[in-house]
Amino acid sequence: MREDDEVSAAGGATREDRRRDPSRVLALTDGVFAIIITLLVLDIYVPELSRHETLQSAISDVRPSFVSFVIAFIVAAMQWTGHRDLFTLIRYTDRGIIWLNLLTLFAVCLLPFGSALLSRYSEDPLALRLFGLILMATSVTRTAIWAYATQRPSLVHEPLDRASIRSGLALSVFPLLVYIAAFAIAAVSPQASLTVYASAPVLYFITITLLRWLAPRGSAEREFT
Amino acid sequence: MREDDEVSAAGGATREDRRRDPSRVLALTDGVFAIIITLLVLDIYVPELSRHETLQSAISDVRPSFVSFVIAFIVAAMQWTGHRDLFTLIRYTDRGIIWLNLLTLFAVCLLPFGSALLSRYSEDPLALRLFGLILMATSVTRTAIWAYATQRPSLVHEPLDRASIRSGLALSVFPLLVYIAAFAIAAVSPQASLTVYASAPVLYFITITLLRWLAPRGSAEREFT
Amino acid sequence: MREDDEVSAAGGATREDRRRDPSRVLALTDGVFAIIITLLVLDIYVPELSRHETLQSAISDVRPSFVSFVIAFIVAAMQWTGHRDLFTLIRYTDRGIIWLNLLTLFAVCLLPFGSALLSRYSEDPLALRLFGLILMATSVTRTAIWAYATQRPSLVHEPLDRASIRSGLALSVFPLLVYIAAFAIAAVSPQASLTVYASAPVLYFITITLLRWLAPRGSAEREFT
Amino acid sequence: MREDDEVSAAGGATREDRRRDPSRVLALTDGVFAIIITLLVLDIYVPELSRHETLQSAISDVRPSFVSFVIAFIVAAMQWTGHRDLFTLIRYTDRGIIWLNLLTLFAVCLLPFGSALLSRYSEDPLALRLFGLILMATSVTRTAIWAYATQRPSLVHEPLDRASIRSGLALSVFPLLVYIAAFAIAAVSPQASLTVYASAPVLYFITITLLRWLAPRGSAEREFT
C-alpha cells in the first residue's frame, strides 16, 4: 500500500485510480465558487445621478442590492466550506459523485439570479419562493452527495461511524427545513419569510458550533467548518 | 523508473518532462469550463415589470432563457466530463495536443453565445444551425484529440487496444451525427430540430451507460463518466 | 516525521491533516483575485460616437475609468502578493483562518464596485469614503489573519520571533493608517484625498523595500514581495 | 539534494523555498487567461431584430465582433502557450519575476477592451494604435521576464546556453517589431495595418516551427509550443 501511494503521487497510478481522482472535480468546483462570489458584486451597480440629485441620496438605492450581495455571499461561502468539509472525507470519485457534484454546481450557479431577483422584488412572494427553491436545491444535492458517499466505503478515506453519518445528514437536512419554512410563509408574510432566509446562516453557524462542541474527540463532526 | 518518478514529483524533472506536463493545460481548461457554466446564468435576466404587470406573469418571459441555460449547462457538463475521461488516458502533452485543446476551448467559449441566440430565436433555422455548428465544433475537436493521442503511444499512460480506440471514436463521433441531423432538419422543422438538440444529452448518457455495461472489465470504456 | 510527510504527499494523510490543508483555500483565493483583476477592465467601456464626434475626442472620456482601472489593479495585485507572503508562513488552516480569509475575499470582491464608483464620481467625498472603507476592510481582515495565525504556533511552519510579528503587523496596519487619513480629508479636499489613495501603493512599496533592506538575514521580513 | 527534493514535495520545504515557489503565480496566471479568453465572447452580442428584419440579415452585423473575437482569442492563446513555455524553464520566482508577471497580466487584461474597440472602429487609426499598444505591452513584459530570468541562474532549472537565450529573445522581440510596423502604418493605411495584426500570429507560428526545426536536439528552442 505504501508503494502504491508513492506511485500515485508520482503520476504513475493505475488507470482506475486516475479516473477516480477527485482533483479536477475540486478544481472545477473551486473555480465555480470563485466566480459566483465575484459575480454577485456585479449586481451592485454604480448609481446614475438625475439632475439636482446628490450621490448621498442616490446611494441609498444601492442598499437593497448590497444587502442581497451580503446574504448571497454568506450562503455561497457556507456552501463552499460545506463542500470542502465533505470532500475531506471523500477519497475517490465515481460517476455518481461527479454528476451529483455537477448538480450542486447547477444549483450554485443559479444563486446570482436568485439574489438579483430578491434584491429587486424583496416583498414579492414569488421572488422569495424562487430564491428558496434555489437554496433548497443546493441543500438537497449536498445531502445526496453525503448520503451517496457515506454508503460506499470504497469512496471515503475511512468509513464513518453511524453517529457521524447521522450528524452529517442532520446538518445537511437542517437548512433544508429552514428554507421550506421560509418558502411556506412567503405568501402569508413576505417580511417574515425574508427574515428566516437572512437568519438561516446564523442558525447554521450556531448548529455547527454546537456539533463541534458536543461531538466526541476524533469524530468527523469536530472538523466541520 | 521509480527513481525518475520521484524526481518528477519533487519538481526536479527533466526539461522534456516539464514541457510535456499537462497540469497547466488542465488548469486552463477547468478554469474555462468553470467560467462558461457560470456565465451561462447571466442570460437569465431579472425581469423589469411594466405598469399593472405582476412578477408572476413577467417571470414566464424568463422561461426560454432558463430552458436554454439548462440545455447549455448539460452540454458543457458533458464536454467537461468527456474532457476529464480523455485526459485520464493522456500522460503527456505535445504541441499538437495543446493546440487541439485550445481549439476545443475556442468552441466551448462560443457556447454562451449559441445558447443566448437559441433562447432568443428558438424557432429560427439560422439560430438552430449556428447552435449546431458550435456543438459540432466541440465534438470534432474532441474526436481529433482522441484520434491524435491514441495514435501516439508516447503520449498515453498505457497504449489502448483497438476495440477501446474504436469505442472512444464512436463515442465522440456519435453526438456529431446527432448534431448533423438536427442541423439538416432545421429549415424543414425547427421544432423537430430543437427536440433533437435537447435529446442529444439523453442519448449520449444512454450510450455511455451501455458502453460501460457491455465493455469487458478493465477496458477504458468502463471508466467513461 | 519523514514517514508522515511522505504519506501526506501521497494523499494518505490523517483526517485532521486533510481538514487543515490550505490548498483549496488558496485555490478559491487565487480564483477570486484572477476574476477581480480581470473584471476591473469591464469598467473601461468602448465609447459610442455621437454625430460629428471623432474617436480621438471620445476616447478622452475613457481616461477616468482607465485611471481607476490602474489604481484598482495595483491595489488588487498588492493584496494578492501580500496574501501570498502571508500564506508562505501558514502551514495549516482552521475554522478561524478560513472565515477570516472569506472576509478578506468579501472585501476584495467589493473592489470593482469601489473603483467603478470612484471613476465616476472622483470628486465626491462620499465616493472617496466608500472606496476608503473597502480598502480599510481589506487591510483590517489581512491584519486579523496575521495576528490570528502568528498567535497559534500549530498553524505556522515555524514560529516567528517577536520582531517579525511586529514588522508584519506594522506592514498590515500601515496602509490602514494611510486610508484613514485619506478618508478623513475626503470632505475637506477631495483632490488631496484622491492623491493619498493613489500614492498609498507607492508608499507601501517603499516600506516593503526598506523592511527587506533593514531586516536581518533569514527573518520573515526579507521575504515580503 | 535528493533528500531536499522529497521534503519539498511533502510540504516541509524551507521558508525560502516556499516563498520562491511559482505555483500560486501560475494559478493566478492560468485563472486570468481562462477568464480573458472567455470574456472575449461577451463582445459577440445576440442581435436585436428591428421590424421587417430577418435574423439572416441581422447576423451579418455580428461578423466584425466575431472576427475580433477570433483574433483576440488567438493572441491570448499564443500569449498563454508562450507563458507556459517560459515557465517550464523557470524553477523559482523572486520579487522581480512576480511583479513582471503581474505587469504581463495587466497588459493581457486590456486585451478584451482592445479587441472590443477594434471590432467597433476597425478603420480608425486610433483604435488600431491602441490595440497595437496593448499587444506591444504583452510582448515587452514577456521579453522582460525572459531577459530577467535567463540572467539569474538561481531562478532557472538549468542555465541556458547563449544561443538559446538569444533565440528566446528573438522570439519575444519579433512580434514586437511586427506590432510596431502595424502601429506605424495605422494612419497611412488602416486596412494594411489590420492585415498586419491579423497575420502576426501566422508569422509567429511559422517562426516557432522554423526554430524548432533548425535548433539542435536538446536545446530549449525545440520545446517551444
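By written order: A, B, C and D. Residues from 1 in each chain.
Following the convention adopted for this analysis, a contact is a pair of C-beta atoms (placed from the backbone, for glycine too) under 8 Å apart; a residue touches a chain by one contact, two chains touch by 3 or more.
Values in this document were obtained by computation on a predicted structure and should not be read as measured data.
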Checklist outcome for this item: Neighbour overlap between chain A and chain D returns B, C
Checklist entry - Which chain is most remote from chain C in terms of Cα centres? => result B
Checklist entry - Quick one: how far do you have to rotate chain B to sit on chain D, C-alpha fit, nearest 5 degrees? => result 90
Checklist entry - Since chain A and chain C are copies that touch, is their contact same (over half of the numbers shared) or different (under half)? => result different
Next on the checklist: Using Cα averages as centroids, what's the distance between chain C and chain D in whole Å?
Outcome noted: 25
Item to check | Centre distance in Å when chain B and chain C are each reduced to the mean of their C-alpha atoms | outcome: 36
Item to check | chain D residues counted as touching two or more neighbouring chains | outcome: 6, 9, 27, 30-31, 34-35
Checklist entry - Can you name the residues of chain D that touch chain B in the complex? => result 2, 5-6, 8-9, 26-27, 30-31, 33-35, 37-38, 40-42, 44, 46, 55-56, 59, 73, 77, 80-81, 84-85, 88-89, 91, 157-158, 220, 223, 225
Item to check | Touch list for chain A against partner chain B, complex | outcome: 6-7, 9-12, 15-16, 18-19, 21, 24, 27-28, 30-32, 34-36, 39, 95, 98-99, 102, 105-106, 109-110, 112-113, 116-117, 120-121, 124, 126-127, 130
